[in-house]
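Shared between the two complexes below is subunit A, which has subunit B as its partner in the first and subunit C in the second.
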Partner chain A sequence: MSALVAAEAAVQPQPVRSEAAPSMPRPAANPGLAALRLFLRNPSGLLGSVILIGLLFAALAGPHLYGVDPFEIVGAPFQPPGGDPVLGTDYLGQDILAALLQGGRATLLVGFSAALITVVIGVTFGALAGFFGGRVDAALMKVTEFFQVLPTLLFAMVLVTLFGQRIAITTIAIGIVSWPPTARLTRAEFLRLRGLDFVKAARAAGAGPLYLIGRVILPNAAPPIVVSATLAIGTAVLFEGALSFLGLGDPNVMSWGLMIGQNRAYALEAWWTVLLPGAAIFLAVLGVSLVGDAVNDAVNPRLRKRS
Partner chain B sequence: MDPVLAVEDLTVTLTRPDGPVPVLERLSFSVEAGRTIALVGESGCGKSMTALAIMGLLPEGFARADGRIRLAGEDIAAAQPSRLRALRGSALSMIFQEPMTALNPVYTVGDQIAEALRLHQRLGRRAALERALAMLRAVQIPAAERRLYAYPHELSGGMRQRVMIAMALACRPKLLIADEPTTALDVTVQAQVFDLLKALQDEMGTAIVLITHDLGAVADIADTVAVLYAGRCIEQGDTRSVMHAPQHPYTRGLMGCTPHLRLGAAADAGTGPLREIPGLVPPLGRRPAICAFADRCGRADATCLDNPQPPLAEAGLTRAVACWHPEARAA
Partner chain C sequence: MTGLRRLGATAANAAGLLLAVVVLNFLLIQAAPGDPAQVIAGEMGGASPEIMAEIRTRYGLDRSLPEQLATYVGKVARGDLGYSFFFNEPVSRLILGRLPATALLVLSSLGLAVMAGAGLGILGARRPNGLVSHAVSLVAIAGNAAPVFWTGLMLLVVFASLWPVLPVAGMEDVATPRHGLAYGLDVARHLVLPALTLGIVYVAQYSRLMRASMIDALNADYVRTARAKGLPERIVVGKHALRNALIPLVTMVGLQFGQLFAGAILVETVFAWPGLGRLTFDSILRRDYPTLLGILFCSALLVIAANLVTDLLYRLIDPRIRAGRPA
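This part shows the complex of A and B:
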């Protein structure tokens, strides 16, 4: 401390000039790059990315590389894995590998889109309620409670039955029934953060409400929201599985949930028809959770190493 | 010269279920460009409320009931919220007490200083960062180039307070409110921060409202002093004369509470016990109709107990005091 004080004391006050300083220093380390490096150094982040990239690649490129229509009957039903087709066939004699590859598209798309809807609605409600408080808070939280007291699966089933068994409807239904916990979490974070000194300081520097919500408070509330978003992806994938399992998915779009739903009656005789899509769902949820954890650690400046 | 800030009859009340409770009562003071006024008094006297009222940032439940706050002639107490937002951070800014928590932990300090410039002066990212660097140099942060990209948690308390000062002064405000800017800092760093404020004020001509407990700092950098007690100004005047010859018993008491270091021959005389003012500031809603200081005052007599609150009356050329029995002016 004393050396620092001496060094500071030695510096004479310098005039404040608005003219450009001749040489702008480069950032010692780009914060984005530093976060990426930290993310990749994290073994669970690495493992999660490998799983997710693998699944995404399989879902996007797989159907083109493995040119079998998942709805086509390719042979006798209930052929075990290891023969031809390589992962066997289901109760109709459809190729399970083809169904897994094609089904990944729908399942992952539903998972990510529904989670996006969840986060957008949840964060908007939570942020406005937590930031403004008072009547805004009371009104928004009443709406949230209304959605929260409805049994989620039943509510989603009603929505799908009312508006049609289409994949877009399924996605929206999942998003609509899952946002209340995100809203409550975001609200709690905003309530905690809005009274802190740096928010007051930002107000004193002339920041308006939207700026305070979006640029000052939200980045500080991000870690738990990121975690809840990754959980939402996993939940949405499981939700899609549950709806399809109950026969309320889109029957014209192959998905992992549909596979499990259609083969559930034969799970004991032909385990692979249910276990393989189940394992795919498990892997997807695991990958997303690992990545979410690692992202959370990487974007926290406190955990970032000094350069 | 017209004052940069003129507070006239400012009255702030807190709304309670049983009616409004006065927090600040008819407070008036002004400060000119390049000058500093210190607001002093115990905790709970309304110093910070005054600062928040000027900024237009009174907490929920508190409201300005009366009075004007003129910033360079413009009544900002009556201004639209959007106008106030435009003024905050550019024409008037504020430094907070706690440098440890007043910086946003997720942005680099360079970004935070640049943000005010981008918000108010519509500078580009690069230009704003260059100005931020100039400001970091101006507040004498060593290795400013590197600190530009540091996060708040990587800096010491003194450095953070310098960053806060850099942020507050980035847009060259006419008025700076410093709410106990050094309370959370080491004694050695405190003096540096005050020196820095003074140097920057000389250069930019900023008017400063300094809220502090530190009477040493007041003597050092303030041109005028307003002593607040229970939401009222009870003594006001130029720093030298108030500090040398306080006329209100409360001011005198405050001075008596300040420890003085005696060295050399004077040390032998002994310092004697540090004096204190008995009792507490009356809490909100329980302020008496008579002189609020009467029950703590050694000089209170029947006049003090039977009459309403004494008015702030002129006492000399540049002085004013609110007391029925002001101390005799020292020769």
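This part shows the complex of A and C:
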């Protein structure tokens, strides 16, 4: 136990990205707070946050406030926007606004959950490979390389086709195909950090491998992983849309992708049935990318100079 | 490591990866819910009991798992990817028949994306804080966020009803003769919208990457040296900086080849382009598993080949890699 306490003491004084500190004019007392300040000063980061918060609010509160069942037939099909219902109706006469609000829940939920799966698998692989090196690294990187050979979207399509069109399977499939870049990134960070003095100090104090990985190196490797996790949400939203567009969505769960997939045969007669859900996907991915970039700029001081 | 030994190691690695893909396909057939024979026949293939019995003997489904795996690997090694009961044709012949159309689409989009992306990236890098640079970044972020099937559908709506100057479906007009210059022009006209749709995403990604790596290159010491010795700006940017800035782009292109192929599935579905993507869509619709798994195998094969080509390209661009020194 005392060894762990000592290891903790060895870890505590280390600021995130300690090696960057000497080159900065005034090291911030709290690097997290400094990064937050930088993030808030970035106009595109703010814009992205506003878009994302708006979409999340619409998806969470919207269905309650609007109160129309997206599967209910409210009128004639293909009513253009601007009348009643306000965004028109789709090929069955379902209310498009209701479908957009309800569909946002599924799409964003798939996005966040799939990104979580991506990060858990990717960080586990990358951390073990980078920390242990040698044969463990070679074996894990071989597996990663194998997954990178399979075209991601096609592999996800095969998984959903074979195992069933359910939203849980879609989410897991997206997570399974998306993790390799996160694994490579995490591995690179671990390789860089594991030889630094504060890790050596913790190791000398008797910390075991699990403690070193989880409590000593991982917190310091977190910034780029957070950025990649943010971007993974955007990719997952695009994947959900693509799978549903190809007819592989869960027909019982309204999502933005499902709206496009079901209406696309009528895109020429009723463009709004496809334009609106696509624009929703576009906004969500745009918001996520803007936030991801801003987080990247905020936690990575080297990039700040050039952009 | 000498060049020949390196080449051997690379080839062995590629063969290992390919074998792993075959094993994955085998495991997918086994793990899928239901009887493997049913999976091989395809759910809606309309397989009769006799066909099912034949599949069981052909794939040795009554023997142990390792024996089944050996049979399966042996079949694939001989180029037998199974039989599509929906299309009534061997899968390998189906895929080879559709490959040229997809290759045309993917390579045109890639050419467009690399040229436009590199051009925009260089433009943006010349003045990193200028108006052009910000515009390039904005276009890059927006182009990357738009779902490719949605961009395609919107282009289709515009060109089908508002501004009908380009064909929006298929690869050729029925009326055009299938040979000569007229045929080439006809295919080219049909190619414009699909290639543009697929290319936009990658123009966005490549311009962003190129801008960043060009800014790095232009700040490097060797560029300062080149300028100091009085070389014209055209040579400094176009030769000294560009050659170094291209390396990350080549890496990206190689890594993303599989994604480009997957994007082609969506674009071909939108524009009824008669390639592998369209075949993928049909095989999903019909639950034609042998075709679907055959496409997965072939696309992995293409990606592995693309990685080998990337490796060779590196050596052409960067002599340091050729000499085996770290870049």
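What we mean here is this: the second predicted complex is superposed on the first by the 240 of 307 C-alpha atoms of A that agree within 3 Å, B and C clash if a C-alpha of one lies under 4 Å from a C-alpha of the other, contacts with A are read in each partner's own complex, and residues count from 1 in each chain.
What we mean here is this: a residue touches a chain if its C-beta (ideal position, glycine included) is under 8 Å from a C-beta of that chain, and two chains touch if they have at least 3 such contacts.
Everything numeric in this text was worked out from a predicted model, so none of it was measured.
Colleague: Figure out whether A:Asn252 sits in contact with subunit B (first) or subunit C (second), or with both, or with neither.
Modeller: After superposition on chain A, A:Asn252 lies in contact with neither partner.
Colleague: For A:Arg264 in the superposed arrangement: first (subunit B), second (subunit C), both or neither?
Modeller: second
Colleague: Just checking: does A:Pro219 make contact with subunit B only, subunit C only, both, or neither of them? Give me first, second, both or neither.
Modeller: In the superposed model, A:Pro219 contacts subunit B only, not subunit C.
Colleague: Which of the two partners, first being subunit B and second being subunit C, lies in contact with A:Val285: first, second, both, or neither?
Modeller: Only subunit C is touched by A:Val285; subunit B is not.
Colleague: Which residues would you name on subunit A as touching subunit B in one complex and subunit C in the other?
Modeller: The answer is residues 306 of subunit A.
Colleague: In the complex formed with subunit A, which residues of subunit C make contact?
Modeller: 17, 20-21, 24, 28, 31-33, 39, 128, 141-142, 144-150, 153-154, 156-157, 160-161, 212, 215-216, 219, 255, 258-259, 261-263, 265-266, 269-270, 280-281, 284-285, 287, 289, 292-293, 295-296, 299-300, 303-304, 307
Colleague: For a test of understanding, state which residues of subunit A touch subunit C in their complex under the given definition.
Modeller: Per the stated touch rule, the residues are 44, 145-146, 148-155, 157-159, 161-164, 234, 238, 241-242, 245-248, 260, 264, 267-268, 271, 274-275, 278, 281-282, 285-286, 289-290, 293, 306-307.
Colleague: Which bits of subunit A are touching subunit B when the two form their complex?
Modeller: Against subunit B, subunit A makes touches at 1, 4-5, 7-9, 11, 13-18, 20-21, 24-25, 27-29, 31, 196-198, 200-208, 211, 216, 219-220, 222, 301-302, 304, 306.
Colleague: Given the complex with subunit A, which residues does subunit B contribute to the contact?
Modeller: The contact residues of subunit B facing subunit A are 55, 57, 82, 85-90, 93-94, 96, 98, 101-108, 115-116, 119-120, 126-127, 129-131, 133-135, 137-138, 140, 142, 145-146, 148-149, 151, 153-154, 156, 164, 167-169, 172, 186, 188-189, 192, 196, 199-200, 203-204.
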